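Note that chain A is present in both complexes that follow, paired respectively with chain B and with chain C.
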Partner chain A sequence: MSTATLSDVGLDDRLGRAWKKPHFITNPVLRYALLGVTIIYLYLAVNSIEVNWARVSEGLVRGWEFVKAFGNPDFTSRWTDIREGMIESIIITIASTVVGIAISIPIGLGAARNIAPLPVYIICRAIVAISRALNEIIVAILMVAIFGFGPLAGFITLSFATIGFLSKLLAEEIEDMSRVQAEAIQATGSSWLQWINYGVQPQVMPRLIGLSIYRLDINFRESAVLGLVGAGGIGATLNTAFDRYEFDTAAAILIIIIVIVMALEYLSGVIRARVQ
Partner chain B sequence: MLELKKLTKTYATGDQALKAVEVEIPAGQVLALIGPSGAGKSTLIRCINRLVEPTSGSVILNGENITKLSSSGLRRARRTMGMIFQEYALVERLTVMENVLSGRLGYVGFWRAFLRKYPQSDIDEAYRLLDRVGLLAMADKRADELSGGQRQRVGIARALIQDPKLLLVDEPTASLDPKTSRQIMRLICELCAERGLAAIINIHDVALAQMFVQRVIGLQLGAVQFDGPPDGLTPEVLTAIYGEEDWQATIEEVDEDDLENESAAA
Partner chain C sequence: MPVVQNHGGPNGWKLHTTRQSMVRWFCWLLGVAIFLYCWNVISEATTWFFVWDSPRIAGDIGGRAMPPKWEYIDKLWEPIWDTLNMATLGTILALIMAVPVAFLAARNTTPNAYIIRPIALFIIVATRSINSLIWALLLVAIIGPGVLAGTVAIAIRSIGFCAKLLYEAIEEIDVKQVEAVTATGASRWQVMAYAIVPQIAPAFAGISVFRWDINIRESTVLGLVGAGGIGLQLQGSLNTLAWNQVALILLVILVAVVISEWVSAKVRGAII
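Let's turn to the complex of A and B:
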């Protein structure tokens, strides 16, 4: 019996009868046709894949080597390189986060429609859009081309990326703030800066701190990637280790990265819980 | 002392919130502004200190035309007009003391305010006011730890520390229980009498208004419909102001429209 006729059935006829959720596609012909088409497509699709089993076995061997290396990471034989790369990465991360936040705050204020005049808003939103449109890797390649290999390129890239991220989210937080709290400060005859300090800042501060720590975390992970295109940091060391098939050293580097990211994650949890 | 001349506000959406309102208020007079939601009560109050920019007409406070002032002149004029809000409008993450002291922002420079280094006289006055509204013990609590009635008292202290000549009071009791509402209204009216302040109080509760004020103005669709003593509010007058009874059902909607209009205009 289909659902259409069931809706005409009275209470007495329904009592004692099992209930089933109506089908997502009510027309049974369409339902089974779609099922059939999906199965045929999957069959054809799987058959169209050409698998070179020789390469798979080769890859599996290499993969297994890598897994074994993880069980036996080598921190010592390239320790100087690892240490230098790590310090460089940490310096890039902290410097770019601090500079990025410092630039993001005024741009974030300008990009909030409820507090900035239209021309300022448009300019700040344009800066945010440009920063967000360009992926970190692309900016890094550009910066390496301009400033040469090394951490300076990484630092500028991540500062630039931080601006897009933080300004946008800060501006959105400001746009969502309680208007009447800000209005009350305005009504006391405060200047614009006082108004920002008393009416706006307390409302957005917890979010700004949370976002800043999150960005620190992102910048550290990105700094590991940027080394691959020559922008300095631990990524360069990691790349070299892979090129030399030194999987045990690569494993050591990855483990250090994971530990640092986990530590940052824990730290951000603690801080965000405290600033509410 | 305060004179509104042909005060008109038309929002960007084309809604006429105020239609050439003419009101004159002598020094020290406490006045209630009643009328249905959407009648323009909030807009009227916000046009006086230009939180909402009036479309035309003028606001004359002690001989000075507020509507013509530059932004620095407006800041100076706003110092003399304390404002009390419907939902208290305290900055919730600041302490009670910071909220009260923020009433002095028009008098102190940026760095003093930023570093919270207010002159001793301001700090003493803040303590005195907190004591007067019965919240001295709460000075270092965060504003969001207080109850509704307590928050409104802090809001009153913040308005009074400005040393205003005029209080603009927007629905001070709308989110309070009946007993607290009376206490807050009594406190506002007592303080006005103590300090010789004029006040315009927007209020929904007609009975509460009649209990405390000397004069009532009824607004309807942005125009003054009634202006007289509280005992002049006969059932006929109230019908003229509020219209049909089943109007009540749409109050919430009108409130929201009003807010949207204001943010569009701000």
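Let's turn to the complex of A and C:
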């Protein structure tokens, strides 16, 4: 400690430099360069959006009508259309989830490096990558072009999308499993099928159930838009309602979707809590 | 002899008791019945003639789509730029709105757990459960077709996603740091800035890049309902049955998705 008294040296000198929050990016050149690039990009991006303010202000009135329609949704006047669309959406959801899971399990087994030989692994991973890269709507467009309008196109689309999601996560779960249990089963002289059934399956089952329920939830949400491109479900009814500016009917459909999604989310929470 | 335990009958060890296997069997039966019913409904709504004809149609489309019309790329640069902007600006707008919602929804930072928290949670569920295409449909009807509708649609759809992940991160923060900063006599906002924000900043960055990646994918199709971007070109090409243009657009979308996934993985790897 120095012998200087308070009067000799200022308080700031004794304390050293005041504390400052450290920067997120320590290199100042990089920091300012990134900041500059971001600002330039934002300037260009915002300027490239053409906004027709007259149209927007006109639209805000309609927007307010839509908000009001949410307070007073019209379930009755198009009820048969809504009901049929909803049932079709739910049916597509269930069927595609079931088929998707059934196909995902072998592909998931094949995509797990610790149980599949290399050629099988590569093929299965390729299937997963293709399925994940393609947006559902784009697949649906192609399927409608190939199989014609109707729920079959939606069903195939969602089954295909389910494969990418479920196989990938299942394969990761299998890769993370405990080898000890699997080896113990193998040591009893089990066949390959018995080994999978008693050594691997019990370890990944809770996660598989959780993921399946989660995927059911996602598939329902997606099935609600497939109708926009003609692949069946409630989307077509919704599209018509918007096109005719029947906001009260549209609000009713959206409310039903939200309620079903909330119910599914609650259900999946309960089931996942039980199995895990 | 402790080796043979007759649990389910004379056959030795079984995985389930008789009662359990009955219940399981019944559940399977119910599941299969529901599935068959669903399949039946789908099958009735399908024109099977078209389905049997589909390999020929698929081959026909494939033949028309190959080779892609490469020179069409000149007309795609602007839609690609618009798509990128919709995703990026949409994500930024969503984050601006998601942060307050997340702080209101997290149990440890919400000002009122009985009134404000449920409202925040409702915003999260409502925005999350409606697909961005539906938001785009709605916004095109309200503010007219164009990039603005797409940007706002992406933004609204992303609020719920970002806010949900963010409020979970806020609920998991270390209370000790908050207490330490509070003990220095910091105000509520100072506690926020110096104790809570630094703890959730990595999660925040990760969430934004993750959502940006998803938004790139979603913004490529928003044009189908008139909300601008490359989807508009896709719709036009599909309507005119110009399959070689469709092939090129799909290729561009695939490349964009792969690049955005790569960028997002790199950035997340650098942060976390």
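Definition applied: the second predicted complex is superposed on the first by the 223 of 276 C-alpha atoms of A that agree within 3 Å, B and C clash if a C-alpha of one lies under 4 Å from a C-alpha of the other, contacts with A are read in each partner's own complex, and residues count from 1 in each chain.
Please note the rule applied: contacts are C-beta pairs under 8 Å (C-beta built on N, C-alpha and C of every residue); 3 or more make two chains touch, one makes a residue touch a chain.
Everything numeric here is computed off the predicted structure, so don't read it as measured data.
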Using the superposition on chain A described above, determine whether A:L109 touches chain B (first), chain C (second), both, or neither. neither
Examine A:A161 and indicate which partner it touches, taking first as chain B and second as chain C; both and neither are also allowed. neither
Which partner, chain B or chain C, touches more chain A residues: C
Applying the touch criterion given at the start, work out whether A:M205 contacts chain B, chain C, both or neither, answering first, second, both or neither. first
Which of chain B and chain C A:I256 touches, first, second, both or neither: neither
Of the two partner chains, chain B (first) and chain C (second), which one does A:L169 touch, if any: first, second, both, or neither? neither
A:I213 contacts which: chain B (first), chain C (second), both, neither? neither
By the touch definition at the top of the document, which applies to A:V180: first (chain B), second (chain C), both, or neither? first
Residue by residue on chain A, keep only those touching chain B in one complex and chain C in the other, then list them. 198
In the complex, the residues of chain C that touch chain A are 15, 31, 34-35, 38-39, 41-43, 45-47, 50-51, 54, 57-58, 61, 81-82, 84-85, 88-89, 92, 125-126, 128-131, 133-134, 137-138, 141-144, 146-148, 151, 194, 201, 217-218, 220-221, 224-225, 234, 238, 250, 253-254, 257-258
Contacting residues of chain A [partner chain C, same complex]: 21, 24, 41-42, 45-46, 48-52, 55-56, 59-60, 62-63, 66, 87-88, 91-92, 94-95, 98, 133-135, 137-138, 141, 145-148, 150-152, 155, 198, 221-222, 224-225, 228-229, 232, 235, 238-239, 242-243, 245, 250, 254, 257-258, 261-262, 265
Listed in rising order, the residues of chain B that touch chain A in the complex are 49, 51, 74-79, 81, 83, 85-87, 89-94, 98, 102-106, 110, 113-114, 155, 158, 162, 168, 263, 266
List of chain A residues in touch with chain B within their complex: 114, 178-181, 183-191, 193-195, 197-199, 202-203, 205-206
